[in-house]
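In what follows, structures are represented as structure tokens.
Two complexes are shown next, each including subunit A; its partner changes from subunit B in the first to subunit C in the second.
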Partner chain A sequence: MARMKFLCDEERCIECNACVTACKNEHEVPWGVNRRRVVTMDDGLPGEKSISVACMHCTDAPCQAVCPVDCFYTTDDGVVLHDKDMCIGCGYCLYACPFGAPQYPQEGAFGARGKMDKCTFCGGGPEEDHSHEELEKYGRNRLAEGKLPLCAEMCSTKALIAGDGDIVSDLFRNRVIRRQGRQETWGWDTAYQD
Partner chain B sequence: MKIILIALTMLSLTACYEDTDVTIHEAGVYKGKVDKHNQTSEEREAILAKRFKQVQTDR
Partner chain C sequence: MTLSKRKKMMSLTGILMLLAIFLLPMTGYISTGFANENEQQAKITNPKSDYWRLVRGNEKGYSAVKGRETNELIQGSGQNWRALRNGPVATYGSWMIGLTLAVLALFYLWRGKVELTHPRTGETVERWSVKERRIHWVTAILFIILAVTGMSLLYGRLVLIPVFGHHGFSAYAEIAKWAHNLLGPLFMVGLLSMIINWFKYNYLNKIDLQWFKDFGGMIGDKHPSAEKLNGGEKMWFWSLTVIGIALCLTGLVLDFPNFDQEREVIQISHLTHVITALVLTSFALGHIYIGTIGTEGALEGMVTGKVDTAWAEQHHDLWMKELRQSEDSKSG
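Showing the complex of A and B:
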């Protein structure tokens, strides 16, 4: 059985934020909610690194363990999703998540927390596939269309990879072997490979 | 004096003991709506693996 995973290659990420834009556009994510974001370490210093972070769809998801209303479930593909109709917006999952994935739209005059929103691995939610309700609550269901998450599919440097964990790790292992301990950002092989 | 100092240090260090056992919370049983899919998980896996080869190939 497949276990869908994201992997971001920090040697390739150029902090273009196209994955963030693609995600927001694809799912019509409201203002103030970022299902995905690019984090830069040692910004402005030599050797700075960037990675694109969203829900990592943990195998043993802490959000799922702490949810007081048990609104999380893991699909057969290993994607962690939740039922927004059950979510009470308590914020426990935000504290439990090591990646800061859960997001809350601000509702009302005093910024009260709305229902939690997070990356769905472009897999929609517990509504009928391609229905209006699914689009409205969870965004597009690309997995049901036979497609992978848009953020990874359109990554120009192929830094962000999404797919079955076994295939993703094979691809990344080959990259590491090919690099032979040096960065891929210089050398003739980069531009004229194959 | 030295022995008293050692004894005091030992006593004070015993207070620094911290329980390192991790409290594990098991996930509860999902109570929401059932997420139905048109394809079986095997079919979807094959389709997505094919898609991966199309769009995520290395360069």
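Showing the complex of A and C:
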């Protein structure tokens, strides 16, 4: 069985936000909710680097551990999904998540939280595959169509890769070996003079 | 060559030699100067590691997606919050509530009700005005609703899901969340008016110390003196004031996410909120016990507002004396 993983290569990401836009469009996520975002460090300075991040579908997921109604489940593919029918919008998963993945549409005054929304690895939700309910609540279910997450498919530099963890790491390893330019063996220059 | 000339030469070479002794070792700096340049080259860091260094240092970056903390790639404190909430806070919290209940039950079995030592006189005095009783009961009922709904969020997954099932519990939890969020601020109003109205009865003094030394008359046969409020009641008041205000303030932080509080603030507030709530809940259990089945005649004071003079004499002798004196001075 595949274990789905995301990987973002900071040597390649050019902060074009195509992944963010693709995701927003594909799943018609509500206003104010972004399932994916790009974070840049040293923005505008030499050495600036960016990484695109969404839910990482953690093993031993913190969100899952703290949810008072226990509405998360991990699919056989290692994708962490949740049941919006059960979610009470308490915000706990957001407090616990390292990546700020859980998002809430505002429901009512004073920023009261609606039902949590997050990246599904384009894997829909507990509703029947391709049903209208699934589309409405969780967005498109590309995994059920045999496709991979659209953000990664759209990435022009292929910085963002998604799919079976083994294949993703093979791809990345090959890339690192062949990569021109800055060495990946950081520190060898200092350690070895010959 | 004259003697004076030779002397001059000698002193000159001496000075030169001294200079050489001092200066020659310093030539080392010429070579280390070059070395510094090399080092500087080595100091140009790897932007890739810089990125992660900044991220792990909780440094904020830039993100085109605008919102609360969207420019922070990783927040590490959530894991601590998770570990503390699911671990010691939930575990010791349940122990504390459980032990309190057990101690109260055992105490009741051992001591039983603290009964009136003298028969009722049939004559009553006013202990709590209508306004005071209203504040008490509104705040008390809110406290119970908040304690039950709050603990449902902490322990429901463990205790209630096996009973009601996932969907059943979730339906209840949704209502519980809304009730908790809406009634919380009302409780705060109740608590504050309680503090303001009863502040004047709650100055601590030596009488209270003696009251505690005699275990409030609950253990042993002593009848320690007490004013309108005894030492125990005063301690309950001050716990409510100090812990209760911390509880309310942290509750406000959690209740209004629209002020863009950061997650770290929320996590600390949440833990404080849970701990203070559990402590107050176990105190409240003691208060409820003493006020109902623990003491004969105590509950009627808060229900009808009036207490029997025999009860007042036994539990709040100084207050009773004061009442009698003011009565005498009025009639006299």
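One rule holds in what follows: the second predicted complex is superposed on the first by the 178 of 194 C-alpha atoms of A that agree within 3 Å, B and C clash if a C-alpha of one lies under 4 Å from a C-alpha of the other, contacts with A are read in each partner's own complex, and residues count from 1 in each chain.
Everything below uses one rule, namely that a residue touches a chain if its C-beta (ideal position, glycine included) is under 8 Å from a C-beta of that chain, and two chains touch if they have at least 3 such contacts.
As the structure is a prediction and not an experimental result, all values here were calculated from the model.
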First, second, both or neither for A:70, with subunit B first and subunit C second: both
Touched partner set for A:174, first subunit B, second subunit C, both or neither: first
Partner chain in contact with A:119 - subunit B first, subunit C second, else both or neither: neither
First, second, both or neither for A:80, with subunit B first and subunit C second: neither
Which superposed partner A:13 touches (first subunit B, second subunit C, both, neither): neither
Subunit B versus subunit C as contact partner of A:29, first or second or both or neither: neither
Which of subunit B and subunit C A:150 touches, first, second, both or neither: neither
Which of subunit B and subunit C A:49 touches, first, second, both or neither: second
Intersection of subunit A interface sets (partners subunit B, subunit C): 65-67, 69-71, 85-86
Partner subunit A, residues of subunit C touching it in the complex: 42, 45-51, 54-55, 59, 61-65, 67, 69-76, 78-79, 81-82, 85-86, 152-154, 156-157, 161, 166-167, 169-170, 173-174, 177, 181, 255-259, 263, 266-267, 270
Partner subunit B, residues of subunit A touching it in the complex: 1-2, 4, 61, 64-67, 69-73, 75-77, 81-83, 85-86, 124-129, 143-144, 146-148, 152-153, 158, 161-164, 167, 171, 174-175, 193
Subunit A-facing residues of subunit B, complex: 25-39, 41, 44-45, 47-49, 51-52, 55-56, 58-59
Subunit C partner contacts - residues on subunit A that touch it in the complex: 10-11, 15, 17, 20, 32, 34, 37-43, 46-49, 51, 53, 62, 65-71, 85-91, 94-100, 110-113, 182, 186, 189-190
